[in-house]
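First chain A sits with chain B, and in the next complex the same chain sits with chain C.
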Partner chain A sequence: MNEATKRNLLKALWIVFVYIILTMFAFIYLSPFIRSFVASFMTWEQASKYPPEWIPHPFTIENYLKLFRLELFPRWIMNSALYAGLIVAGNIIFSSMAGYAFARLEFPGRDALFSALLALLMIPIFVTLVPNYIIIYKLGLIDNIIGLALLSLANVSSIFLMRQYFLSLPQEVFDAARLDGCGPIKAFFYIALPLAKPALGAVAVYQFLGAWNAFLGPLVFLRSPENFTLPVGLSFAFQRSMWTEYTPIIAGSLVAAAPTIILFIGLNKYLIRGIVIQAGKG
Partner chain B sequence: MARVLLKNVVKKFGNVVAVNHVNLEVKDREFMILLGPSGCGKSTTLRLIAGLETPDEGEIWIGDRLINDIDPTKRNVAMVFQSYALYPHMTVYQNIEFPLKMSRVPKNERRRRVIEAARFLGIEDLLNRYPKQLSGGQQQRVALARAIVREPEVFLLDEPLSNLDAKLRVKMRFELRHLLHDELKVTTIYVTHDQVEAMTMADRIAVMNQGRIMQIGTPVEVFEKPANMFVAGFIGVPPMNFFYGSLVSRGKELVLDTGGLEINIPNSYTKSLQEYVGREIVMGIRPQEITIHTEPIEYAYPGKIIGYEPLGTELYIHFTIDEKTDYVAVVKQRLAINLGQQIYWRPSPSKLYFFDKKTGNAIY
Partner chain C sequence: MSKSRVFSLHTSLSLRKILERRKSREALEALLLISVATGLNIVFGYFAAFFAFYLSFFKWDYISPMEFVGLRNYQIIFNDLWKGINGAYYFLAPFYTGLKNILLYTAIVVPTQTILAMILAAFANQKIRGVQFYKVSYFLPAVTSPVIIALIFIWLFMKNGFINYMIQMIVPSFAPDWINDRNYLLYAISMVAIWGTSGHFMVSFLAAMQSISRDVYEAAMLDGAGPIRRFIYITVPLLKPMIVYVVVLGMIGALQMFDLAWVMAGSNGGPGGAGYTMALDIYNEAFINLRPGVAAAKSMFLFVLIFTSTYIFQKKYKVMRQ
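Moving on, here comes the complex of A and B:
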């Protein structure tokens, strides 16, 4: 065996080794998902066995059928879509405006205000849950998707992401716009916003994922089953007084996850770019 | 068309005085160049005229309007930026159209003027492209088209050629001046740090340093009669040589005593230098005004070669007289010289400059 083939062999072995490690990690990360997928075709009896079994026997689609037999299932999907839609729209509108103001306008107290806003990131949501509840209650919007969405129409991390993005745009373009006749508002609509499409895409995807999967907020603020979002509805439907029937919930979660998975596959470019923007200059 | 007038304009950023009591008059249709090293306040001056910065003191006039408090849009100035600042999400057409759209020019009129401007700059084939699909030179034409389409009274250009490669820069230098000065006949204020651009393009040059205007004059004036050491050293390639020393009287003659060498000063300068006898002065000689000799001749002084740069048509010879300071001579003839060799350098007697060492001001 000469030197070159020896080196090629070592290289091949190394690649095999790396792939084995990566596959193992991928399997570890994927295993809950795989487990859910398999379990969704099992009976509750089999799914709750210990040690866990991996092949559905008997194979059943009863869990999915149960789901579609639920009268409110389409309603919950609509509610989730409405909730996520409102939040995405709100974040795109308000976070882009706030981010623009923090990045491009000069007003007294701007930096102090921005620091205060960032400090909000440190506050756990459980701290604000009760005050928020009281506010929404006084507004008469408890048990109302719109009332719940109101709480999340703007978001610190979205504002931060938009601000970073606007800061990364060249100053000279805004100077040129100013000379061409744009005040701050026209510059926002004609220049800043069209240039911010990648950042807006990232905000939309993040907020959609967060809203679609949200559990705690909807659980606390919504009361009537017909107003539930999908995650809350599912746990409501299959929670018995002493135990929870998990297999239909798992099936429901997989159905619920479908849009987010599709969204992720389609838009992961934007997600990654969003992270890159936030990691940019501060 | 308009005259631009700056009266005692001051602009500070925190503790830094970027523009320090600048007085400048740019005549109607004049091509004025603000020249200076980076950080000298020339771009800030331009931005003050554009309205992108507000002056802390002083007055800025365009024509007979005091524009200190007038919005940039209403000043009727157009600016071309160093990076061209094209709108990346708009086509060339939309870029050029944008200022007209913002000032609510009717659509047909807009179309006519965009096409006219594009044709004028030879970019009518590019109207449907996006800026990133254009070369640097094309982008610059679009930036110019966007500026001229507004038919402004004053054109402001901030280092417009510095992003182009050397060859294109020389070509655009000529074109730009022709376009703005000869064709459009617009008052133009042009910022650059490149003295060759300034010399070749300007009607007049305002040389700036540390926020102040050092001298305003035609290219010939600032080259031949620099007002101070800064201008003398900044304009001309390679820079002027400065010999520091004290002015001493030897009978009827004056000499510059550099400490190791006494340089004779021709009689023609005696009158203007009379009051400086016994004081520290600086003598300036342009590298082109020094001849290099291998044998001693009259009025030539010994020096030692410390380096040379052949440029093809000419040769830069670096020499020293005190083992410390590097002086340069530019010679056209081919000389057989070696490092460390003793040579004799002879200043051209009619091309000497003298400066007051204390103030740096020229003595004429």
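Moving on, here comes the complex of A and C:
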């Protein structure tokens, strides 16, 4: 065996090894999803069998029917959607405005104010939780999705992302607008905003994921079961043992996870790149 | 001549005036643009944080007037810690239990997820087909709600569940009742956390790896270094800033872990308080025991813990901020 074929053989072996490792990990990361997807079409009797079975027999959608027979479940979906919608809308509007001003306009105290906002990222949510509960309580907005949304309508991370994006645009674009006599606010709506679509998309997706998956905020600020969002509602259903079987919880979990999974699979290239940009700010 | 000079002086004056007016208008409009975002963050961020600090010196139950008690709330914390150190039952020293658990949890989760993320990234960084599929699979748990993940894993961790089935293929006699056994609960939560976040950090490492120049590797290849040696001696040292970033973010997340413990252990921490965390304790103090002053003091403790540990770590492994 000569040197070249030996090296090629080694290389082929290495690639096979890499695939084996990658696939093994893919199994570890995907199997809980696959396992619960399959089990959501089983009876609890079958889903709890040992050793585990993989083919639903009898195939049943009873678990999903049970979920929707619970009047609260559709409400939880609506509440989650409303909460996520408010957060996305608020962050798109307010963070883009603030991000633009911090990136492109001159005003006294700009940089100090921006640093002060960034410093907020260091404060754990548990520090501000009790005071914010009191503020929202005083506003009479406890047990109200709007009160809960008020807390994160303009997240510092979105302001930061928008500012970085506006900084990356060439100054000439804005100069030209100013020479035409465009005021800063007019320039924002007619020039900056249309150019910012990619960044707005990123803010929308991250805020959607954050709001849809949020737990602590909804748990503290929402009180009655009909106002819960999906994560709080499902953990409530689990702790109150609303069903004697566990399969409806699994089905409900999948319904709750479906929007984020679909969104992620659809936008995976874009999202993974976005994480990279965020990581770069470290 | 003098006439034209006066004229030019005049125009420059009025130009300056126009510019000044423009500037103040710009400042005004800028303030208008930032007003909502800044206002919300000042109220719900700064005011809330200072109010929490203020509250930590008061005894209160949300209803009756606040009573100044000086450092009493902090004394409650240190008494709790002292009792815990002297071996009191977990429910007599809840803060100590939460602190002890969360430190162990952080010590397990942060190094494991960092190393795992780095290894996954190294494998996903190979020039082979289908890499995107693997990246998506590893990242999928990171976009799923921790509550949903916890609910699914409670089922997978059952005594006769899927995880024990997989484990028994390797270790035949090992089948703990993860969720209901105080010796295993925290490890179960840690495994779920590692599973849930390592994919996210893998992507960070992957980006850092892709920015390492090919030349460095080619030089090493000429010296006869294999892929594993190249990873240990070239990739890892060059990744140092990213490692520090991932560890710091991991620590911030792990020290205030709440969602997984709430669902998998319950708000009282499960059997023997094995899944009790500081975050759960702050929640219980504020909303179950109705002692917001004590909760505020505990949250200050958490803040100092997170701040100093990440600060010391960053200092020790000095990184240049880009």
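Some observations on this one:
One rule holds in what follows: the second predicted complex is superposed on the first by the 217 of 282 C-alpha atoms of A that agree within 3 Å, B and C clash if a C-alpha of one lies under 4 Å from a C-alpha of the other, contacts with A are read in each partner's own complex, and residues count from 1 in each chain.
As a working rule, contacts are C-beta pairs under 8 Å (C-beta built on N, C-alpha and C of every residue); 3 or more make two chains touch, one makes a residue touch a chain.
This structure is a prediction, so every number in the text was calculated from the model and none was measured.
Between chain B and chain C, it is C that contacts the larger number of residues in chain A.
In the superposed pair of complexes, A:L151 makes contact with chain C only, with no contact to chain B.
Applying the stated contact rule after C-alpha superposition, one finds that A:G210 touches neither chain B nor chain C. Contacts of A:D175 after superposition: chain B is touched, whereas chain C is not reached. Of the two partner chains placed by the overlay, only chain B lies in contact with A:L195; chain C stays clear of it. The residues of chain A shared by its contacts with chain B and with chain C come to none at all. Those residues of chain A that touch chain B in the complex are listed here as 170, 172-173, 175-182, 186, 190-191, 194-195.
By the touch rule above, chain A contacts chain C in their complex via residues 14-15, 18-19, 21-23, 25-26, 28-33, 35-36, 39, 47-48, 50-52, 94-95, 97-98, 100-102, 105-108, 110, 113, 116-117, 120, 122-135, 150-151, 153-154, 156, 159, 183-185, 188, 209, 212-213, 215-216, 219-220, 230-232, 234-235, 238-239, 246, 249-250, 253, 256-257, 260-261, 263-265, 268-269, 271-272, 275-276, 279-280, 282. On the side of chain B, the complex with chain A involves touching residues 47, 50-52, 72-73, 77-79, 81-83, 85-89, 98-99, 102-103, 146, 150.
Here chain C touches chain A in the complex through residues 23, 25-27, 29-34, 36-38, 40-41, 43-49, 51-52, 55, 62, 120, 123-124, 126, 128, 131-141, 143-156, 158, 160-162, 165, 195, 199-200, 203-204, 206-208, 227, 241-242, 245, 252, 256, 258-259, 262-263, 266, 279, 282-283, 286-287, 292, 295-296, 299-300, 302-303, 306-307, 321-322, going by the rule given at the top.
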